[in-house]
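Each structure below is given as structure tokens.
Shared between the two complexes below is chain A, which has chain B as its partner in the first and chain C in the second.
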Partner chain A sequence: MKQETQGKEFWFIVGLFIVLLLAPFALKRFYIYLLGLIFVNGLFAMSLNLVLGYGGIFQFHHAVFYGVGAYGTALMITKLGQPAWLAFIVGPLLAAFVSLVMGVICIRLSKLYFGMLQISLGSLVWVVVYRWYDFTGGDNGIHGVTLPSLIASTKGAYYFTFLVTAASLLVMYLIVQSPFGRALQGIRDNPVRSEAVGMHVRLQQLVALVIAGFFAGVAGTLFVVIDNSAFPDMLFWTLSLEIVIMCLVGGWFTFFGPMLGGAIMVALRTFASTYTEYWTLIQGIIFMLVIIFLPEGVLGYILRKLKPHKEVTAKGEY
Partner chain B sequence: MDLIASICSPALLCQILVGLSRTTILFIVASGLSLILGVLRIPNIAHGSLYMIGAFMAFTVSKLFGGGTTGFWMAMVLAPLAVGLLSLIAERGIFSHLYEREHLMLLLLTFSFALIFGDLVKLIWGAEYRTLQLPESFKGPIPVESLPIPIYNMFLLIIGPLVAVGLWFLTNKTKIGKISRAAAVDREMVGAVGINVSWVFAFVFVIGCFLAGLGGALVAPIVNITLGMDHTLIMEAFLIVIMGGLGNVWGALLGALIFGLTQSLGILIWPQFGIVFPYAAVVIVLFVRPRGLLKSTW
Partner chain C sequence: MLRVEGITKSFGGFMAVNGANLEVKQGEIVAVIGPNGAGKTTLFNLITGILRPDDGKVFFKDEKITGLPAYRICRKGMSRSFQVVNIFQRLTVFENAQLSILSRQGKTFNLFSPSKRLAVDETLKILESVGLVNKRGHISGSLSHGDQKVLEIAIALGGSPELLILDEPTAGMSPEETTRCIDLIQHLSKKLGLTILFCEHDMELVFAIAQRIMVMVRGQSIIQGLPQEVRSNKEVQDAYLGENENGTC
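Here is the complex of A and B:
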């Protein structure tokens, strides 16, 4: 039975992969861009879910690593004149490094205290980026980042984003399924017992934070690829919470939930924005309804309906 | 030494005092946040929005009463009350049913409120700048030769400590304050001795939000009232509360002082990065004392 459903899931993913691979030939430019944006936001949300859903760590200011990845890449190209391919590697690594530094400082604390300290440190990063006009462009951000000709076109950027996202998802999936991923979930469910059986809880969590920071940095870099720009709002705390809610809408405790949540929110934002200027209001109402009525998220809900015997934690007891 | 000498000069002393008077507003907002965080354990992201609503309400109320002195005082009284009423509706309507949820969910719920309030303000008041005129009696400097501080800023400097003492009195000397402190520590036990904890929570929530509205009303005459004034303020208020110790009103005062002083001094020392200093101060404080300066109620 389990084998069978896994087989189905596998073929579903292969089918989706092929559809997305062929999508640019059928869609208009704008929709290709939109799909790219969905990949970026989805990857970003999934990287957060790695620590928030699987690790039970209150990473409240995840956008910092997204922004650092984007700025790292954009600045390497525009200000330092380095080749773009090098910048694509440096951006995520820089994000992982910032994540390591912040993690070392914050990891002594847990739950809300961790989140609060993380918000303070993240705000420091934000305010530096926001004020450092000479280097980061301040509140104007960086625009018109020139990319290699291979990925400069909309289609090129789409394929690059898609393939990097797919590869990142595969790596993240392997991490979640690895003994390390299992240990992380064990720590989430019962930190005291995990410590007692000999796990180095703080170290495991720190590694998870660095990995999550890295993939958020990848998402930031990909944003530069599809949008050619980076701006300080990418590090602002509101985005961090929006991403938390994307995880929630899609369903944390499910691997693909955050990607689905990202897709739903990005698509809704794009279509709602063409009709009304009060998108934030709609967004707030959607969030509220999801929090009250669907705390396990869309994918969590679907999985629960499909497999009633398999327990999907609804309230998130950690 | 030059720095100290220059700080002691009257002109700069004034600048610092004016800076501190703005800190008072930060304190008032942060103390409300701290109160809610301490008793209800909700990190209320919507607090900043309530502050913004307070400012817009103050503008509207003052206009309704034809501006001037009456309008000003009516705004100072009615705007925070309106915000308190709004928060009571939100608390009774939605929050009170969800206290059993974990903190993260409640935080996200307040965030969704912040989004909704933000757009409702845009819907009602529009995106233009608004200003609240100070009455004549508040204009001009205080009548001391060497210290040209605007009267209104002096007024704020007095209001801040008054609010602090009032809050201390409320939480330590009154019965409801004692009950709410007890509820913060052990909610079930307080319920077991026959007290309706739900209404105690509502009371604390409304008081906290009232303070946010008061902060907004008080800031209205000295800034441009505009959309987005909630975003940076809520972050600053949060940092102050964390720095002072969650739920500790005196901690909020101390945190606000540190935040305000580092900001005023920072702007003197390095104008471009003045805004960075308070954030750096928060990080240093938390690096040394991760749970805040004063004892947290948690």
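Here is the complex of A and C:
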């Protein structure tokens, strides 16, 4: 029974992969861009969910690392004149480094206090980016980042984004299933117990924060690839909230939930904002409805419907 | 194996533990008893590093461990269960026990090997010994209270301890579950040769399995000795047994 459902899941993913691989041949340019945007936001939300859903860490200002990744990449290319491929590696690493520094400062606090301090520190980073006209372009941001010709076209950027996102998801999936991922979930459920079985809780969480920061940086870099730009809003705290909403809407105790949440929110934002200026109002209403009617998120709900007796069927496991 | 000397801890102005002494020898089953609020759980928290003592010393295998963080003390071979159920609610029974083993093996920073293939035999062996093997696929939060308390012990065993500390192992259990738990503790002591330190309100349980008993009253240890010595001690009768013959259970 279990084997069968797992097989189905596997073939669903393979099918989706093929469809997305062929999608650019059937879609208009705008929709290709939109799909790319969904990958970027989805990956971004999933990186947050590593620490939020799996780690139980209230990372309220995750956008900082997304922005740092994007700015790192964009500045490497425009201001420092480095090759783009190098910039693509430096961007995420820079995000991971910033995550490490902020993590070391914040990790002593727990739950809400962690989140508050994190928002404050993140806002400092935002101010620097927003005000430092000479280097970061201030509120104008950076536009027209030149990319290697291979990925400069819409299709090229799409494939690059798609493949990097897929690879990142695979790595994140392995991490979640690894002893490290298990330990992280254990700490989420019960930090006191985790320490009592010999885990260094803070160190474990810090490593998780760095990994999440790195993948947020990857998402930021990919945004530069599809949009050729970076701007200060990418590390403003309201974006962090939107990402949290994506996680909750998709289902923060599921692996792919945040990606689905990202797809839903990006698609809705794009279509709703052609009709109304008050898109955030719609976003708020959707968020409330999901919290009330689908507390496990959309994917959480679907999975529960598909496997109603998880506890029972899981009996024969191992 | 374990020696506690004059340990003290106050919360605000309240002396929760006030100069308590305790000794546990290799292979023994030692019980700590005392009225509610005597400081038993605080004493265990001080020994296992969850709390830092204000004063006093703790020695484990002749090594001073006073004030070390809990995870370091655990790695030295001391595992514990908690009075209030303290398990990984969203993980399965199997994963609960397995995580403890992975933690002992120092694998919690292993990022890429799939954990479902690691330490499987050992996990199953532990679940077998505590009688939870048939429920290994259940989400632990959905278990009955008694089973969750037993899972507590399984998690503690995952640390492959030399000294097992149980904080009220049978609290909230039904009579049948209590009987099973007594069998389990005796099994662990006899078959696996574990040294066991526990505290308990259930006097029947204490006198049934403890080889030596320490009595705590208002944060102080007033006697440690064989069960019959404790039973006949005047001070103990006044402070504890006299006012409440059968304990609270």
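As a convention for this text, the second predicted complex is superposed on the first by the 310 of 318 C-alpha atoms of A that agree within 3 Å, B and C clash if a C-alpha of one lies under 4 Å from a C-alpha of the other, contacts with A are read in each partner's own complex, and residues count from 1 in each chain.
Operating definition for what follows: a contact is a pair of C-beta atoms (placed from the backbone, for glycine too) under 8 Å apart; a residue touches a chain by one contact, two chains touch by 3 or more.
Quick caveat, the model's predicted, so the values are computed rather than measured.
Undergrad: Between chain B (first) and chain C (second), which does A:180 come into contact with in this model arrangement: first, second, both, or neither?
TA: In the superposed model, A:180 contacts chain C only, not chain B.
Undergrad: Where does A:238 make contact in the superposed view: on chain B (first), on chain C (second), on both, or on neither?
TA: first
Undergrad: Where does A:280 make contact in the superposed view: on chain B (first), on chain C (second), on both, or on neither?
TA: first
Undergrad: Is A:133 in contact with chain B, with chain C, with both, or with neither (first, second, both, neither)?
TA: After superposition on chain A, A:133 lies in contact with chain B alone.
Undergrad: Is A:196 touching the first partner chain B, the second partner chain C, both, or neither of them?
TA: Only chain C; A:196 stays clear of chain B.
Undergrad: Examine A:31 and indicate which partner it touches, taking first as chain B and second as chain C; both and neither are also allowed.
TA: Touch status of A:31: no partner.
Undergrad: Tell me which partner A:119 touches in the superposition: chain B (first), chain C (second), both or neither.
TA: The answer is first: A:119 touches chain B but not chain C.
Undergrad: Quick check on my understanding: which residues of chain A belong to both its chain B contact set and its chain C contact set?
TA: Touching chain B and chain C on chain A: residues 315-317.
Undergrad: Can you check the complex and tell me which residues of chain B touch chain A?
TA: 43, 45, 94, 98, 101-105, 108-109, 111-116, 118-120, 122-123, 231, 235, 238-239, 242-243, 246, 272-273, 275-276, 279-280, 282-283, 286-287, 290-291
Undergrad: Given the complex with chain A, which residues does chain C contribute to the contact?
TA: Spelled out, the residues of chain C in touch with chain A are 48, 50, 69-71, 74-75, 79-80, 82, 86-92, 94-95, 98-100, 102-104, 107-116, 118, 120, 124, 136-139, 142, 155-156, 158-159.
Undergrad: For the complex, give me every residue of chain A touching chain B.
TA: Counting only chain A, the residues touching chain B are 58, 105, 108-109, 111-113, 116-117, 119-121, 123-124, 127-128, 131-133, 236-238, 241, 244-245, 248, 277-278, 280-281, 283-285, 287-288, 291-292, 295, 315-317.
Undergrad: How about chain A: which of its residues touch chain C in the complex?
TA: By the definition above, chain A touches chain C via 174-175, 177-183, 185-186, 188-190, 192-201, 204, 207, 253, 310-311, 314-318.
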